[in-house]
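Okay, so subunit A shows up in both of these, paired with subunit B first and subunit C after.
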Partner chain A sequence: MFSRWNWVACGFYLVLSICSPDASSGFVQSCGHIIPESPVLALGSNFTALCILNESCLDFGNIYASQIIWKIKNRLVPKEQYREINRTVSSVTFNDTSSLATPLTCNILADGQIEQNIYGITVTVGLAPEKPKNLSCIVHQKSKFTYSMTCTWYPGRHTFLDTQFRLRYRWPEQIFPDCIPKDVNNSCTIDDSQFFVNTEIWVEATNALGKAVSDPLVVDPIDIVKPLPPQNISITSGLLPTVLQLVWENWISDAVMTLKFNIRYRIAGDTNWMEVPPEDTASPRTSFSIQGLRPYTEYVFSIRCMKEDGVGYWSDWSEEKTGITIEDQPSKGPPIWRIIDTSQSPACWTVHLMWKALKPYEANGVILQYELTVRDKSSLSSPVKKYNVTSTNHTLQLREGTYEVTLMARNSVGPSPPSVLLIPASNSKAPVKNLRTLPKHDKLWVGWTAPNNYVLKYVIEWCLMSSSSDCIIEWQIVLGDVQGIDLKGIKPFKCYLITVYPLYADGQGSGQSVKAYLKQDRPSKGPTVQTKKVGKAEAVLTWNHLTVEEQNGFIRNYTILYKTIDGNETVVTVDPSKTEYTLSSLTSDTLYTVRMMASTDNGSRTGPDFTFTTQKFGKGEIEAIVVPVCLAFLLIVLLGVLFCFNKRDLIKKHIWPIVPDPSKSNIAQWSPQVPAKHNISSKDQMYPEGSFTDVSVVEIEADDKKSFSEQDLKPFDLLKKEKSTSEGHSSGIGGSSCMSSPRQSVSDSDEGETTQNTSSTVQYSTVVLNGYRDQTPVQVFSRSESTQPLLDSEERSEDHAGGADSTPQRQQYFRQNGGQDETSTDRPCFERTKQITHANEGDLVGFVQLQISGQSSQPLGLGMEKNIEEAAVSNVLQTCTEGQTVRPETVEENPLSVDEMPKSYLPQTVRQGGYMPQ
Partner chain B sequence: TGVVPFVALLLLQRRPVAGRALLVSGSGCPGHGLCRSNVQEQTRRQVAVLNATAQELFSLYLKCQGEPFSSESDKLCNPAGIFFPAFRVNRTSERKEVMVAMYKLFAFLNASLGNITRDQEELNPMAKELLERLHNTTKTTRGLISNLTCLLCKNYNIFQVDVRYGDSSKGKSAFKKKQQGCQVLRKYVQVIGQAARVLLPHLSPS
Partner chain C sequence: MAAAESPSAALRRRDLCSRGIRLAGKMRADVVDLLDAYVEQQGLDASASVAAVEGVPLAAVERWDEQTGTQRLLENLAAYRAFRALLAQMLEEQREQLGEADAGLGRALAAVLLQVSAFAYHLEELLRLESRGVPGEEGDEEEEDGPPPPPRLSLFEQKLRGLGVLRELAQWAVRSVRDLRQLAKPSPATGAAPGLVESP
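Take a look at the complex of A and B:
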């Protein structure tokens, strides 16, 4: 209990001891202090501090040195560095002050581990100043009588301490006030400097750790003067056009310092200075005449000075002053060249004379005018023409010939030497050889090899090539001993056309041209490729050349890159002169992507992609397929048409079957008065019974025609009248045509019917060729479709018998259902066509009667029908046109007379013409 | 400002006083490291500068003082009535004697120019060029004294010379100040020319 109260009392006393005001000092009375107080230490040195406790604290607070702890900036110092000297003093030692920091505090650890600060000091660590080095001084002239001396030095390493530098100087028996630098530590300016006295100058650097003094500099300030440059410079032009005189004032009197000078000058606008030889201005002066200047040229002058013996410093260059020399005659004639335009007429020239204005150093003044003289050398009698021109070009209309043009430039002093240009009738002289170019930085060098003959001058023309405008020619003339020049003002990435003409004393050589670039780049765009033609395995690509503005250099090659969607890219290099290329070995019916790249020496540029698809079929393949197919189709169609045409009756029958009407049978009306001069062969003999199922037979005896008198044919006139159809329309009758008559007959009966059926529907057809009564006999086709049986079978038998001999020779036309192969008989049909023509030409008088015996003609009819069909196909046109022709061959093959012809029996009587076809 | 006293002698300025030349050893000369061989030439150049600028200084002084000094300079600036150190040496005099006489002359001039400068700063503060010339001349005489001290000490072991200074202008009227200045400068123009001539053969580089 006592112990606790004791510690509380001690702590309270300690606080009071530290905080209570001391009556004697008036400040806080601490329990101790540290020595040394706020030391400044050299970096890297060792340092020992002592903390000394007051006796009063020992008595009342039970505080002893053993309880002291040291801290650096709140960091505890290791106790190994402590040392308890006695009960009130503790020391701490640091072997290297670089480990020190501020503040360094002395603290005490009272009972209860309560840490109380006793005292603290600030520690400053730094370096002693180094000896200033490299001291140098310069005296600047400020005005005519004032000079300031500025000295500079190297202050040495950083000391981390407040270090003062002082510039000190003295005379032998006098020390002047120090010069203390402001804001810097390496220079100081003394405003008052005195010449002709040896002055000792040095620098002192001082800080808390020491003082360092530089080596002294002993100098007479007159030897380190940098004077002010000459002033009030004036320039006057003398009597000579090449001289200017400079006059100036010096700031320093010769009594103080004699000066030497540098004079520099340049042409106004030029950047290069020229300098008067130093030895010419090495003595004191205030004027100088500069010679060798160009007439009528503005010059800029500047002067500087320094002590005559060269000890000291040059002044700055003076303010620049300008002066102009007076004019002189132009030193040379203007370079002249021409462009001859013969577009109007080869014999009439438009000569554009052009010359360059003289350079200022050539003009030597203001050119007032150009005096142009043109002399026709091809005609001595022609007067010399003179022109005074103020511009630099002139256009003349001249006839083709040789001319000498003389040009002089005149200024206020006089004319220039003449420039002569010979314009020959033709440029027939030798040209330059080996014309070449070479870029040199920003210039383009043009070189050539001289011709073998002596060349007076060369004219170099060049122009910037453009696709949108004309080439504006620039030109330059050089002497004949020059074989290369640098063209200036050449733009990079632009194409120039350069032409060199040699000028001889007696003529002019033809120009040699070359294209050149100062600098090349890759093209600004790539070619746009497209297809001209696309095939199955090839494609023709076309493109346009890049314009000269787009090329940016010489196009070395084109590269075509093409690929399929999923294939590898194929590269083809194409000559740059080409604008078309054929890709081969392509895959058919495939999409290709193609692009094109133009390349110069400095890179490439690719154009847009273009796609195309190769064709599925090659050239002619489609035609090879389509044409045969079409032909085959046409053939099939034709065959079909022919077939249908041949089978039209059958088709018709199928579509519109004919039903015989018994009530309209004419059998009862057959007139027995009408002589039945039928020449009907015996069907029985020709066609055995049962061989036909449904046959219409037409038997025509050509000779029968003769057997019919006109009287006999008259009864048929009515029929002709009633029937609007003429001979051509009779084709509906089965016997009228080798082709149609059987078919017509067939149409009267049902196809496919049996023989029995057919017999019940016997059809009759009669062809009446004789006239009816007194009327002109005409061919009449009569037809009966009665289903009644024939009445006179006997007569028919006779007819058949009577005609037995001639049966084999008769041609019989019929039609029958069903098919049976048999040898063709179409040829005879054709022959008959011819013969019937003859018959018609003779006299087709008489008639032909067709008699059909369905039963007896059937077997043979099967084969005959076939024959007819084939004949119809092969001779369809011919057959049709001959329409009603009937068996003309019978005229030849059956020479029987009408009387001898077997009489055929007309089974019916046709009223005025007989049967009317339905 | 204006006068930087040559301490050893200037303290005796209040009354015209004769200085005493002391003999000292060469090594004991103040700033003996600076007493180099070029001091002789430097001294000649300094006298030449003073000689070259003295007339301009005097003319400018008269101009700046206004009337009657501009028109009556001969009368007003007659130095007959003032003290000016005697300069009784010629080209044949001994160099040592010349050096001592020179020292006395320029010690006097330095003090007088200092007084004149001080008076002109008071009377013609706007006469910048005059003040500038007075400053410059004073500085030159100060340098000249330094060099003469070096030469006397180094060559003749003389480190102290009896010097008599002129009357102080302090407390005098402006006119008197101007007139005293005018009289001193006029005499200065005359004597400096003589000094230059005398000094030339003695200080020419051999």
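Take a look at the complex of A and C:
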């Protein structure tokens, strides 16, 4: 299998070899060739190629020049560019070589359409080199004796061809080897450079299309030297604290080149270089003393050199070397200031003295200690106190007064000049005016207008305001002719409190303060708003001020934004000093969303949303509704009562059916006290002047004979007031039920006992008409509501009156106006109400006695009639207050007929074991 | 000497003298450094006495002050042409002996050779400015008759001769500086030309 593939591969290679133009020299000869062979052409020029067919092919294959076609790569060249020179030569012409590509092939169309390649050439298109320009050279010193010269030039445009550059140089009678650049085409370095001979230097650029030569540069290499910088620099400090001496070595000997120098220096840690005046170092040298330096200061030095005449190049700066000047005594005293704490006692000061450490250029060495002197100027006899302090603050306990504090800083050489601080008893001098601030990049400028008096110094205090910690004071002292300073180290977005004190020769002015920001930002958070009170159409919002850390600037205003769910947002601007605001004109019973925004000069920040719902009713609205409704209800009730009262007859008719008047019954005659016959034709006789009706209802269990004893009847003695006689008269048994106490009888009868126990219950009503004053009552009647047949009662009157055993089980006693409530409500109508006194319990039980106008109660008994008479008068008086028509006149208006005249029975005495109807 | 010297010629002469003085100074410094390296490299004693080198005029001369400028230039040119040949021979011998093993000494020797050639060029230019023809080199003249075969020296003799060449070159460099300074002094007829008082 493998050997078969080898045979196939060999056969394919043989065919390719025959067809290949390159095989012409081989065992198969090509049918033609192209002239020129692989040309290099200038870009943009014209070009003509000839394809020449071999005579042998003409005879063998009938191939002629007319059949030749030209191709660039695989693209056919238009036949307009062909020209058949003779039957074996065809030419093709290109007016612009930029359209050419590789390969250019000559082909034959054999037998009409079969295309066969005859020959092909590679065409290279490019540009001739341009003349190199801007040739310049520099001689670098490599070591003490070796110098290399590097020349650079501009090589010109890209040629698209392999172009060689070579740097050539020569002396008038000597040509040196060419310098051929490596990897680049614009520079070359000559290792050995000889000085003091003018050297001619030029560049040649060569490629297949030509050669270009730069303009020659004629230069003595010594004039283009860049020497090595000085080496082995050493620095020594002299006897003076302001001088350092530099010593160095030069790489280049004076025989070759004399040098001049530049010396630069700076304070260690500083970036700004200072330079020794060039004219001071313009001559050859290997040392130099630098003066005017600061004592006890570390300096960094660096040197460079160049040819003395200035022709050539400066060397690089040497490596940096440091040196320190020796110490000197401090140049000035430390700035000193104080804080006076009078919190313990106004007369006893705690004075915190503080001073700033001298700057290195002021201290001129290491400060060993501070010497503090305090002199009490208000008391010349007080000794001067001296303190040696190593820190930069000291606290003293002083009495209130004027003190002079002197401070000196001492180093190993000596003390500084003294700094003096006057502490007056009071800061009563004039303050600065027009204190203001202005941010300047990263500094905060503080300016003020000087007072009218001469100011020695100003003290500027500032501190970062914080809500969580005390203000840590920083301070600075400036001279009196200064009216503004830049505060450094000020942080942006922080509030600073700045205070300026003027210091006078004889005192101190009061401080003026101002708050300032270096840079403002919008608040870091917005205010949290909430409601304090919500009404129907208004809501009281409240919020807390942002802390100073959250403000990030001066709060210019608060903005309240509120809206309903689907409504437009309403914006209200509030003064920043406020913490409360009332929203008005709100819609009742509506959900509102409110948020609050705090604004500085640089933006705003909104706090969280807060929602609240307005109330449905406003304050007093409910009362305004409820009270009229209640009043209306009461009015209706009152009207209803009045209506009932007016229609009482009708009501009575329907509710209390007319009961036959017991007085008309024969049973009235059983009472032995009542005259058997009354003249009832005359109303005067019946109701002489003040008639009295007293109705009492007493239920007594009939089966309990003991219940009729005086103990059971005692409570009924408490009756105080009486109803009018007309009422008692007109209503009778039924009328009393429309009023008050008589209702009890109604309820009793509603309970069904009456109807159900008609045979067992006997109701009695006793109407007593007292005579006027000492007159004998003309008529006393009582009425019974007994459901028993009256006739039966009459028939059994004797039995009924005499023995209680035969009475029904339950009995009621009516007492007129027996209701206690009415007694209380009617009390104002009485001039005076006498208390009911108990009668002789042995003889009398539970009888009510009412007296008028101071008449004393009297025991019941034989005087009974009189008492009854007086009670009748009082009842007449009482009824006038009730607005009732129960007056004596009323009685006249409603005269009772003889038939209707009640006839009551009135048991005057109660025997033991019987009952006592009242 | 240069009575009819044009300003440009005077400037050229001044420039040539200046460069020549500097070149001679540098050459002397380089030769001194080369001498130390050569003695160390060749294993010679720095204090070894060496006979006068054949073909090199002695730098020391009597009545130096009485010499004319042209005479000075001619003597210098003859000396440096001789040094150029000797140094080239030394460089060849050095390469044969050490190959590329001590390239530093070879480079330094080549550098001195270049400086000698350059100084000879300066002298020829000055002679041309003096309107004097530049004498042809002896080697060129002798080529017609065939140069005498150089005496075959042993290796040590070659080293000693090299030491002698460098020592004499160093002396000649000093003399050349003085000669050129003398030449650079303004002549009474060319008072416009500023004098050159430069130390090498």
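The rule is simple: the second predicted complex is superposed on the first by the 596 of 918 C-alpha atoms of A that agree within 3 Å, B and C clash if a C-alpha of one lies under 4 Å from a C-alpha of the other, contacts with A are read in each partner's own complex, and residues count from 1 in each chain.
Here is the rule we use: a residue touches a chain if its C-beta (ideal position, glycine included) is under 8 Å from a C-beta of that chain, and two chains touch if they have at least 3 such contacts.
Note that the structure is predicted; figures quoted are calculated from it, not measured.
Superposition note: with subunit A as the common reference, subunit B and subunit C are in steric clash. By the touch criterion stated above, A:Val256 is placed in contact with subunit B and with subunit C alike.
Look at A:Val218: by the touch rule set out above, it reaches subunit B but stays clear of subunit C. The larger set of touched subunit A residues comes from B, when the choice is between subunit B and subunit C. Contacts of A:Phe195 after superposition: both subunit B and subunit C are touched.
Of the two partner chains, subunit B and subunit C are each touched by A:Gln174. In the superposition on chain A, A:Phe145 makes contact with both subunit B and subunit C. Touching of subunit A by both subunit B and subunit C, each in its own complex, is seen for residues 145-146, 171-174, 192, 194-198, 220, 222, 253, 255-256.
If you check the complex, the residues on subunit A that touch subunit B are 143-146, 170-174, 192, 194-200, 218, 220, 222, 253-256. By the touch rule above, subunit A contacts subunit C in their complex via residues 145-146, 171-174, 192, 194-198, 220, 222, 253, 255-256.
Per the touch definition, subunit C reaches subunit A in the complex via residues 19-20, 22-23, 25-26, 28-30, 33, 107-108, 110-111, 114-115, 117-118, 121-122, 124-125, 200. Residues 4, 6, 29-36, 38-39, 42-43, 45-46, 48-49, 51-53, 132-133, 135-136, 139-140, 142-144, 146-147, 149-150 of subunit B touch subunit A in their complex.
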